[in-house]
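Have a look at these structures, which come just after this line.
Below, subunit A partners subunit B and then partners subunit C, in two separate complexes.
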Partner chain A sequence: MKCVVDRQSLYEALAATASVTLTRTPKPILQCVRVTAEKDCLILTAYDQEVGLRYRVKQVDTTKPGETLVQGDRFLAIVRESSDETMALESNGDQLNVRGVDSHFQMVGQNVREFPPVPDMEGEPDFVVKSGVLVDAIGKTLFAAARENTRYAINGVLWEKKGKKLLMVATDGRRLAMCDASLEKSVGDEASAIVPTKALSLIMKLHMDADETIEVKLRPNQIVLRTASVTISSVLVEGHFPKYQDVLPREHDKTAVLKTEEFLSGVKRAALLATPESKGVKIMLGKEGMILSSRAAEQGEATIKVPVDYKGSDISIGFNPEFLVDALKVCGDSTTFELKEPAKPGVIKNGSGFQYVVMPVNLS
Partner chain B sequence: MPQIRQLDPALINKIAAGEVIERPASVVKELVENALDAGATRIDVALEEGGSTLIRVTDNGGGIPPDELPLAVASHATSKIATSDDLFRVTTLGFRGEALASIASVSHFRIVSRTPDRLEAYELLNSTETAPTGNLRTHDSGLKTQDSGLKTSLCSAPPGTTVEIRNLFYNVPARRKFLRHASTELANVTEQVARVALSHPGVAFTLSHNGRQLRNLPTTTDRRTRIADFYGPELAACLLPIHRDERGLRIEALIAPPAQSRPSSKWQYVFLNGRFISDRRIAYAVREAFRGLVEHDRYPVVFLFLTAPADSFDVNVHPTKIEVRWRDAGLVQSQVLAVLRETLLSHDLTPRLGFNARTFTGAPPTGERTADERSFETRQALADYLKSVDPTQSRLNFAPPRFPSDSLRPSIRSVYRDENVETPTNRNVETNEAPRDRVEDPPWRGTEGPSEADSFSASGLKTQDSGLKTQDSGLKAQDSGLPPQASSLIQIHNTYIVAETGDGIMIIDQHALHERILYERFRDRILAGPLESQRMLVPATIEVSPTQAIAATEHAELLARLGIEVTAFGPTTLAVQSFPTLLPNLDVAAFVSDLLETMGEGNVETSKSRNVETGDRLDGGSSEADSFGDSSGTSALAELRSQDSGLSLPDETLLHKCLDMMACKAAVKAGDPLTTDEMQALLSQRHVTARSSNCPHGRPTTLELSTRDLEKQFKRI
Partner chain C sequence: MPLNVLFVDMNAFFASAEQQYRPELRGRPVGVVPMHADTTCCIASSYEARAKGVKTGTLVGDARQMCPGIVFVEARHELYVHVHHQILGAVESVMPIHRVHSIDEMSCRLSSTDRTAESATRKGLAIKEAVRRRVGDHLRCSVGIAPNTFLAKVASDMKKPDGLTVLDTPDLPQKLFPLALTDFPGIGPRMFRRFASRGITTVQQLCSLGTDELESIWGGVVGNRFYRALIGHDSPDLPTQRRTVGHSHVLPPRLRTAAGAQGVLVRLLCKAAARMRRLGYCAGRLDAYVTFRNGGSWHDWRKLSDVRDTSSLLDSFIDMWAKRGAFRTPLKVGLVLSDLTAEANATAPLFHDQQRRVGLSTMMDRINSRFGRDAVHIGTMHEYLDSAPTRIAFSNVPDLDDPTNWDRDDEDEWRTAPAWTPPPQARYEPEPMDDSRDNL
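Now for the complex of A and B:
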């Protein structure tokens, strides 16, 4: 293999692929990135046996196709620290020579034939979606997914495809976020899958053009997403996602309409004196508008008034401010906040696509 | 059918003897108590063959007039009480009038007594000559002739009384057979003598066996001296003294710091008005006071001397008077608990890690503690000052260079460390410990370098200040117990933190300390009100055993206090509807399941301790609450309240278990790498946390090694 590649493009590709490689693993091969030079492109591949990423770099001039396997984080560091316009790559057996204007790195690699095969898109995609739409929906749900949970399969985001709509749902058992995404093209029946958070974080990191289209293929235990330059594959989370329809409140009698920015700032400021022992923020809605307050024995009290459009009866309810902040950060200009009783969930809505159900905190 | 008939008085005495006189030790107890009641200031106990052939107790007390001598050995004859009212105002150790009669009925008995106003002594014997040793025939004759066999005769003796018991149980073969080896019986006797001697330091005792003197205890004013005599000066020196006189109950105690715990509760001595008693409620109070300071299978060493008005308790419960019934057991229990807790909380209980059996010196054995502490601080400040002024060597504070490879760093780091260490002794320690640190040097250390350098140069700056200032700061640090500077913190094996202290180094178990800190924080928080809880959108469900299910309903209130709401979800399934916000990162279902399991176990224990409470007849169930109610004015009780949870003791036990679990799950684990900031944060809380010397399970959190110990090891002194 021998080629010259644009350093900036190589850096972006490596940053993405190196985030997939495992830093601590008994299998050193999984710390590696496969570097494949083809006639018109350079392909970087990383795979941790759950999530796989193929990144295609077009800014390359290949003189001799071939491939090699090198440690991802080291290669990334070399490319990151360089200030050259281009870098020349040349493989020699299991070695990779990386040359810049004033530098020459001879990296000891691994046998490329030992790299496990990475799942690829096979056949027609099940649906096609604009990158901007997909990323927006992921951003509005991913934060609510559980990090670890053994009872339910909630350490991922549920994707449900119905017609030309894709619904994403995430919950950690305390709050639930759901968001619609409209599809460009959809083939076949309804389908659903629980996509692990690692794969979704990876999509968020790729900085794709909003208009770029993403093809998605769902298999029983695998999801593959493909754009012109990137292919992401991931195993799915196995198990049962809780019946999210059951926890969506069917009725509410109190609706507050707020400017998202003001609500968010109010919650953040009310939580400034919170301690781990008392972190709840009390929300009082009534004729005086919305009053946010918190109180921690050893810190003091905070009271914040937030302008609100509210006509319902008085209510006082506690929430974990982090949970509110998470949701308000992804809301647009205006937020609807629906409540019923102090022990019943609150619902934050923004536009038609986003809905966030959050359970209250019993303040002491 | 045999006829019903009145028993022979001798037989009655033998039956009575069965209750009180079990073995030589009980004889010694009765005789020594008689001697004390007679006002003796010197008591000599002599044994032969563990007491089975001879027990002789000689005192210098008031003696018995000759005409009363035969009455002394008659049953139900005593000089100690006269009317039934006296029975409830017993101020003497004995009062039943049965001991001598019982003893005399099962032994060859000789009593020699002289009252101080007479020149001559009198001797009373039971029929020793007619029944030399035991065969069946002589038994019978012994029984028959006992009353008639009493003889009083003149003899000569110093003032006081000597009682000689020979051939104990010669006429009760079953009991005689029951006697153990002489050494075992001797040990029992020694224990009895110890109990009496500890509570009567003003009386001189001797104990001899087969003609050899084993103990010689001269009179003393300090109970410590007696404790040292029996249990060694090491234990005696470390005891923390307690004095409290409130609401008619005087509590004096000497308690050993938790590090001196023992594997059995035998080392807990409770005395009431000079009488050794065994009281379950007081034992429970002791256990509660030391909860979390000693491991669950260890028992603290406690010498508790209670003085209470004679009418506030009833001794007439058990023939051996080992148990008493309190008029207000709850009050006594809470007073004891409060004073022990307070003392333990106000002392630094950190065990010393001496190379040579160096003892804990939390409280100097004599005199004013504060004065001594002050002089200690002054010495400390002076030592700090001398350390800080080092005219022969100036220090450079280099920032650690950045190294391209981690493998290069450690060796350089050690050099760098050595240059900055302040005292020669500490240098040795650091070089000793550092290699272990380096082995595991994890990548995150890379970022720590600069901050470390900052703190080093900060400390360097300080030492360049005038000596006077350094001295001041040294004093201050000692006063407020400020945590050590970050510069002197290292983590070893991601498990232990080593820190420099004013007087050497301390080694901290990070998990144990963090656990204790969280425990106290959770406890404070829970006592302030129910925990804040997050309601669940998707309730976590758990499969439960019947015990767990019962625990969930029975302890719903306690669970609510913890911020946990559990509802039934099916025949064997529970749903967790809310969970404390304090524990955000735990597996809810697993935690609640474990908690219910613990509570289920607790049930058994709780009901046990309830029995203890209801077992006390004089103490109605509500007396504890009453005593809280009517005494809220007094300062001690107010203090008691502030320390107590207001929960009954069984509930507190359960709460302890819950807190214990919460703290354990939420604390950093052994093996978790900590940054310097984290270590410092952890250590800074150590000084403001109650009971920080031990984790909630009673294991120590901190070990200290003094500079002096190190100097000794390095042969500097």
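Now for the complex of A and C:
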């Protein structure tokens, strides 16, 4: 293998692929990135036996096709620290030589034939979606997914395809975020899958043009996503996702419409005097408008007034401020906040298919 | 500086309690042991045994050689909790208790009329008499009276058993000079070496140091606090916050198997979960560990999201237990619930099944509170109900009315003990500690 590659393109591709490799594993091969030079592109592949990523770099001049296997984080560090415009890659057996203008790194690699096969897209995709739409929907749900929960099914985001709509739902058992995404093309029946958070975080990291299309194929235990330059495969989370429809409040009699920026700022400021022992921020809604307050023993109290258009009777309700901030960060300019009772969940909507259900804390 | 604090320190507490409740032990050397085995050590000894050199930590075999005729009794921690609460009642009959420091130590703030040496001494003598009268002749205490808690504690250690020492301002610091550096709380063997490396080996030298030198030796503000305490400054108590609830247990030989370790861990988890709920917290993390008999250990943890129900905690434990890998003969097991959030400020569960789990745990707590510990319990724990009984860490005293602390088999025995009911308005919560493991 021998080629010259644009350093910036190589760096972007390596940053994504190296994030798939495992840092602590009894199988050193899973710490590696497979580097394949083809006639018109360089392909970087990483696989942790759950999530796989194949990244094609087009800005390459290949004089001798071939492939090698090197440790991902080291290769990334070498490319990151370089200031050259291009880098020359040349393999010699299991060794990779990386040359810059004033540098030469000899990386000891591993036997490329031992690298496990990475799943690829087979057959026609089930649906096609614009990357901007998909990334937006992931961003509006991923934060609410559980991390390392023993109820494995909630350690991912539920994808439900119905016609030309894709619904994403995530929950950690205390709050639930859901968002609609419009599909460009949809084939076949309704389908659903729980996609692990690692694969979704990976999609968020890729630098894609918002109009670029992503093809998606769902298999019984696997999802494969493909763009012009990237293919991501991931095993799906097993188990039954909780019946999210059951926790969507069916009625409310209190509605507050706020400017998201003002609401977010108010919650953040009120949270400044909340401690781990007193997580809650109290929200009072009524004729006085919206008043946010918090109190920390031996530290003091905070009171913030937020402009609001409110319809309903007076209510005092407490929420974990982090849970509110997470949702308000992904809302648009305007936020609708719906409530029923102090012990019932609150609902945040932004009018564009995003809905967030959050349980209150008991401030009494 | 006036006299502000009266400190009560019970003498040879566990052994004295045994001598009080078992007349045949009175006047005899007694060693209290966690279990009857030659490999264990004394966790307490009576003054008769101490006269022969048997101390806390002395191996049973060594104690037999040092003190022929010594009687070893297995620790009965529920008795000690019971006596502890009787002592609190006795002290409270004389003056209000300000702070319970441990199973055998407590302090009182002296009122403005009691801040003379004579008046404070009268209070100290009255407490001794109240303990003798209300708890028993064989439970003696040493009383220390000083301008602050630190010096009052030091004073209580200066005359044992049954002493009463006043460290008034005019006595300071001369009256401290005969003490060893390690007689001061906060100076252990490592700290002593640090002092010695700077040529400071006597209390007289220690008292000549300034705040800067002490801060330099301690490497921080602790040195400043020590200096202020040493000169008699009465600083307010630092606020404390509970950070963990945990239990650990040394397995008896019959349970030194993977199944035995699992059963006892489940038992400890149920106990810790009930205690956490009783204290009003939810857990953000669960750690479990096993120490192996021939060295090495296993440890794993799971992040939780404000969990308070036992079944969710069990799910997390079962998940980590299933992934434990290679396992050897277990000796000690333990678990810790941490990242605690006040229950009132935790976000409630969203899903109905989770709400039901919380409801079930709450209901089980209520039933057990009314009908006794383990009146209802989870099935997997059934074989291990008698394992991991209550142990007392000196710094953390189980509550008398906490059903998680009582073995049903012991209840009849305690009915024969003199009754004492804590006044409803007086709840004696020990100071929260960073780790409340119940193993001695």
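Here is the rule we go by: the second predicted complex is superposed on the first by the 361 of 364 C-alpha atoms of A that agree within 3 Å, B and C clash if a C-alpha of one lies under 4 Å from a C-alpha of the other, contacts with A are read in each partner's own complex, and residues count from 1 in each chain.
Note that in this section contacts are C-beta pairs under 8 Å (C-beta built on N, C-alpha and C of every residue); 3 or more make two chains touch, one makes a residue touch a chain.
None of the values given here were measured: they were computed from a predicted structure.
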Worksheet item: Should the pairing of subunit B and subunit C on subunit A count as a clash or a fit in the superposition?
Response: clash
Discussion item. Under the stated touch criterion, which partner chain does A:361 make contact with: subunit B (first), subunit C (second), both, or neither?
Written reply: both
Worksheet entry | Stretch in clash, subunit B with subunit C, out of 40-48, 256-264, 454-462 or 490-498 | 256-264
Practice prompt. Under the contact definition given at the top, report the residues of subunit A touching subunit B in one complex and subunit C in the other.
Written response: 148-151, 171, 173-176, 242, 247, 276-280, 318, 320, 343, 345, 357-364
Practice prompt. Using the touch definition up top, name the residues of subunit A that touch subunit B in the complex.
Written response: 148-152, 154, 171, 173-176, 242, 247, 276-280, 297, 318, 320, 343, 345, 357-364
Discussion item. Give the list of subunit B residues in touch with subunit A in this complex.
Written reply: 521, 525, 528-541, 563, 578, 581-582, 587-590
Worksheet item: Across the complex, what residues on subunit A touch subunit C?
Response: 146-151, 171-176, 242-243, 246-247, 276-280, 298, 318-320, 323, 343, 345, 357-364
Worksheet item: So in the complex, which bits of subunit C are touching subunit A?
Response: 239, 241, 302-303, 305-306, 312, 315-316, 318-319, 341-342, 344-354
